[in-house]
């Protein structure tokens, strides 16, 4: 399913992935499936086990798995698609890095101090941080990035909530001010930013930490920046590798940046090229690529035993869910307008539908355990916040039937009618385009039929899908149930998806209790982690009670890494860095 | 000749305008637009709405069309939303790949078709003719993409003779010999896979033409002059038999356009086909419209080229 | 005046249809092909009446990607659905589409072609401009654009879209034949004995083009069988509760399926191949028959 | 009064004028000819290929629209109808075509072919229709059991007679016969010519007989018109023309008839040479600047010949 | 006999129709002397063209038996290379339809030159060009240089026929075969072409086989005439004898069915029935017997042979002795 990741913060990892969570296990060998052919993400390493002695230099081949060429907007300030991030990760990086729970650390190219009220941040850029063309990186570059993103002519997607939170940004954006009042350049290497509001999510991804090289971009009109050669052909970053050559859309050759602030990279060269998902297995088997950015999870079981790679795995920061339309979007008031008479407004009906589906079996059968039954709306990629003790609603078709019987949905022939005796036909829409979307959706329909619900499935393409669930605020009244997926931001705050004022709250659910919990999660008090944990635990509980949507599957991602590769890792907070990646042989090992 | 060309261009203009209107209407009818995919809860919907407004996506179609066509006439086909660059530059980046692929396929198509067609037509009803005819039937019936997939699997991965993706080995300096060779090397498998399938119609056409022509009276005349078989084939039959193939050239081009879409997708060869797909999926309308128009123009030019070739080699067709 | 009927003319004259038929029967390969087509068609349509389609497209979590077995003769796909059943219904659907498209393009193409060719002049001019316009459209792209517009994509919307962009070939063919035909004296003879234009078109022109129409429709039918599979392959296929050969074939896009689960895509691919070959064989035999007849004058 | 009266008939063809191409100069296929055909007579039209014979015939029946001139047939003025290129059907005119192969629809049975005019204009019961067709076939000497056969089962001569049966089905007064035998073999040709004469007597038909074979024309026709590039060069009875040709073109046409006696080869060759020479030397007396004939002048009786210009003397 | 240019003996040419061979030319024997015009007449399908094609070796898929002696070669058994050396050089052929007999894509000049290139390879380009002009002049073309660079479709029928003729005579052949050279043409143009052929004969002294179904043309041109029916020669004689004293019923019928400018408007004679197709041709007995059914079977020979009535005048089958036209029973021997 199309996963629209919540957080605005791109990943800092060279793999460009948005996953996380160091896996608890550290078993050295490649994971084995258990007897029934199932895998468990906790059995995977997320750091490559090194074998033998690394050689000096060497070339690493990286496969960017994508069925489209990468767009080539090679600057964090402008890019918009996943493929570009994977390219970016090799030659550029954010000034701030974060730890396993996504809180900014002081290990990056810049360090920070927070004021007492939590609204003013003072950043200090390390002295040895230079652009790859040799120009030192300055605080002005950082300020410049904010100015460009806030500029009315800016055409990228980065002008978001985090940006608006910078004091004076809105005025600057509207042209009422020619400076952003909240940003202050203290010295060449020191910058101070004042935010309007301080909340727990500010230090987990609320700061824009990608500078823009002013000495290169200052003469380019903002409108033309994203199409300029400085973005597309000769991009310059601060990362461990430098772009040497680009074949637009298909490949990039990087060479090491000896001037990298953390130290000289081990590899001489990295060759990145786009690999079609349908060929990725062949490329890995033949050693055509050493590593890939992502791997189609359905092809993993057949290749788990490949002799030339080690599989790394991690929990993905995303979940699939099924949503129920409970109202509409009130465009005038800019908020959700719940409709108590909606077809799906009976919580028993929704619960019964959750009960009717066996996601455990789905995860095992369709994904060999690499996706598994989801319980709450905060996935285990945020292990502290994810309430493992909450079982959600478990599969029990008999209970579901009883629930429906009790709620007045009487069986009349094959199907149940509404409590008022009228016919009940539920329209369920789902997106085409992903490997397993279709049988999965059909499985749900079948499961609902088992408990006597007449659900009609429409598989539609993603534009039409989001149009109908109401991404522009115009909900299609014929839709009752939908299946979609969300990526979760690095901060857990779910208000962007479930708040009363969130247009992406497609279920159009709102309640006072929900409002209260979401507000508390971002309140001053929530800086106290224990408090925040409690709030979100309550929220997860509320969602299981109310079932405006129910999560279906959590996900793991797995990637193969050629055995010659050293120090490769996936996920955040591993204390591993790109410049350390090395190889132990000249050529990739091919599978036997 | 100049007159024909100007007249043809005169006809082309309304055709292209009509086509652009059709495509514009289609684009307008598609659910969603370029901003649909931008589901980011941290971005204020108002910002997205203001972008829509800025891009003119909220205007009625005829106003959008008028804006578009007036600019297009001045050579500005707009900006790709996804790539954030002018459509023409974007297409310029991709088109050379597709052109090379088409050209290689075209050349291979004829390289295969002409000897096979001649053998089959000249020695019709012999064993080799039957084999060739059998091949053409199979080629006609075999789905191009399955065949190409198998070729990729076999020669790309199993035997490993050919590169399996991309248009050039990464890191080569454009313009160098190594670069050109690498480009050709990358072209070979996709172009051959496609040519082997698309050539069959040409083989069949050539065969039936030759069989037809070899019974014509003027062939008797040539024989009666004492011309040898080889001279008869080379001088008399072949030229006449190639006429309809030249006439077909324009359609061959149009057919290629369809074929390259499959081939590009199978061989991960970044070209126009892929660009078209992603632009239609992501509602990058300016790109989509320009590509369709470009292909429309290409097929008109193909037909024109066909006619010109025909006019050059067939004296009966007079081109004023 | 005494008349002597020569034995050369004694044989009862066959109509053009019987001539075509006779030619097919004489051509062993074509005959086998025809029998094959008839058997497949009959089998597929009859069995699909018996088969429970809902059962076939039912997702079975516990039988995903199963190799052929007694229970699933041709194994199952990634949704645990029986391939054999899908193959039958898919063949039926694909044949239905091909038939429908062929018929509709035939009707439109023949009408426009005949009117254009028979009347000539401005009418012809107009229709030929229209045809020219359709011919410059990049078929695949326009079709995909249309599919993106269609709200509910089904066999029928597919057929209509295809028809909209495929009628030109036969229209041009019929037009050129009708142009030739109208210059023949028997058309003029009919005019001189007062037959109306409509009468001439229906009584003379169309019947005389019948063999060409049959031949080209047969060849079109063969080509149309492959239509839907190409689009499925590109990701514009039918929803999976409408099995089609193209859907089955396009599973081969997945490398894993291509390499290690041939039971999913190979039967459908082979069936497409054999069906197209057979129909093409019949078509070519018909074409030869029609040609020979012309040569005999 | 004559059955058919043609006055100053002109048929001009305009090159295809598309949307973007300009009108070209018209091609004058028939450029002002006049003649009459009396009832029961055969009128012959001769001339070299492309001289406009077929066009004239077709203009009369309405297959080619007139450019100008008058056509009166059977006391009725057909001019306006013919101008619009309409075959407002006059059942009194029939047509026989040159090619017996292409003029019969190969897909139709004899019955359907011969009955076509009847079906259009006389609503007969199937039984009566069958009887009528059988009678017509008997008239043209085709056995009644052939009624369900297809054209290709007949020889050229038989086919031509089927064509004639169709032409006479509605009892026309005039039949336009455009080279009715030139596609036929010698022996078959004789069959058809004989038959045409028979039926003429039987039905009191008139023929407009178009041919370029002077032998046949002389054999068949009472009156003859000789066409050259859309105009008449000479007109008159068969005797008048053959015994006393006036126009040089007529003379040349006559001299081109092959000899019958090998012995006369020498003599004939000398005659031809003389005429060829005369044609060369006096060309401008007989033809205007554009190489067209001058208007006709009365010679004697029914004999007219194109006037002689002043070019020569 | 030794001055015969071409001597055909027992030539049989068969075509394969539905797995069987049928003879289109059946046991034909014929000879041509230099400077002699031998005409072959007969109805459509009687095998005239098939005979001409056999002599030229142009049949692609036919079985040909018998001998065709030309200048000491047996044309029927020559290999393609040797045949190519003779064709176009010593034997020329003029085809019936002058449009389809010319390659539409080559200028007529080039097509004439080709004949020169093939047989006089040593000729310089200039010489060849001059020769082409000369040839075009000799066939009466007025602007030879303009015409030489035209394409066939730009020329009129008569012009094209002249081109075909100049190709045939380019290398001054000793034998010229003209297959219905004037059928597609007008009377006046026919006359010019015939004149031309006659002139050629006189100029280069070639032997000519003139195929036609027009008795008028025969009377104009021929020295000797062979009448073909059903693949066989049924009568052969010199022109005077044939026209004044035809014997075979077919010849007689043919001559009687011609309307001509000189004959009175009497009823024409017409032969019953039609020429049977190759497949249905009666192979036993007299082939003409079905078309003169009133002559008793007994009048025909069982295996019809050629009978020499006078020197050089041969008639096939004995039926001629008992032939009479229907309605003229009393006149037993009468025609013309």
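Note that the chains take the letters A, B, C, D and E in the order they are written out, and that residue 1 is the start of every chain.
The rule is simple: contacts are C-beta pairs under 8 Å (C-beta built on N, C-alpha and C of every residue); 3 or more make two chains touch, one makes a residue touch a chain.
Source: prediction; values computed, not measured.
*Asks:* Looking at the contacts, which chains touch subunit A and subunit B alike?
*Replies:* Joint contacts, listed by label: C.
*Asks:* Would you identify the chain whose Cα-based centre sits farthest away from the centre of subunit E?
*Replies:* A
*Asks:* Looking at contacts between chains, which pair has the highest count of C-beta pairs?
*Replies:* Top-ranked chain pair by contacting C-beta pairs: A-B.
*Asks:* Just curious, how far off is subunit C from subunit A if you go by their C-alpha centres, in Å?
*Replies:* The mean C-alpha positions of subunit A and subunit C differ by 48 Å.
*Asks:* Calculate how many whole Å lie between the centre of subunit A and the centre of subunit D, each centre taken as the average of the chain's C-alpha atoms.
*Replies:* Using C-alpha averages as centres, the distance is 90 Å.
*Asks:* At what distance in angstrom does the C-alpha mean of subunit D lie from that of subunit B?
*Replies:* Between these chains, centre-to-centre, one finds 55 Å.
*Asks:* How many Å are there between the centre of subunit A and the centre of subunit E, using C-alpha atoms for each centre?
*Replies:* From the centre of subunit A to the centre of subunit E is 92 Å.
*Asks:* At least two other chains touched by the same residue of subunit B: list those residues.
*Replies:* 11, 30-31, 153, 265, 277, in rising order.
*Asks:* Taking each residue of subunit C in turn, which ones touch at least two of the other chains?
*Replies:* 3, 6, 148, 151, 235, 253, 255, 258
*Asks:* What parts of subunit A, by residue number, touch at least two of the other chains?
*Replies:* 279, 282, 461, 463-464
*Asks:* Name, in rising order, each residue of subunit E that touches subunit D in their complex.
*Replies:* The contact residues of subunit E facing subunit D are 43-44, 157, 186-191, 213-217, 219-220, 222, 239-240, 243, 253-254, 257-263, 265, 267-271, 273-275.
*Asks:* Tell me, which parts of subunit B touch subunit C in their complex?
*Replies:* 11, 15, 18-19, 22-23, 26-27, 29-31, 137-138, 140-146, 149, 153, 254, 257-258, 261-262, 265, 276-277, 280, 288, 291-292, 295-296, 299-300, 303
*Asks:* What does subunit C use to touch subunit D in their complex?
*Replies:* Answer in residue numbers: 1, 3, 5-6, 9, 11, 13, 15-16, 125, 184-186, 188-196, 199, 203-204, 207-208, 210, 297.
*Asks:* Can you check the complex and tell me which residues of subunit B touch subunit E?
*Replies:* Going by the criterion above, the answer is residues 214-218, 220-229, 231, 235-236, 239-240, 243, 313-316.
*Asks:* So in the complex, the part of subunit E that touches subunit B is made up of which residues?
*Replies:* 53, 56-58, 60, 80-81, 83-89, 91-93, 95, 97, 100-105, 107, 111, 114-115, 118-119, 151, 153-154, 164, 167-168
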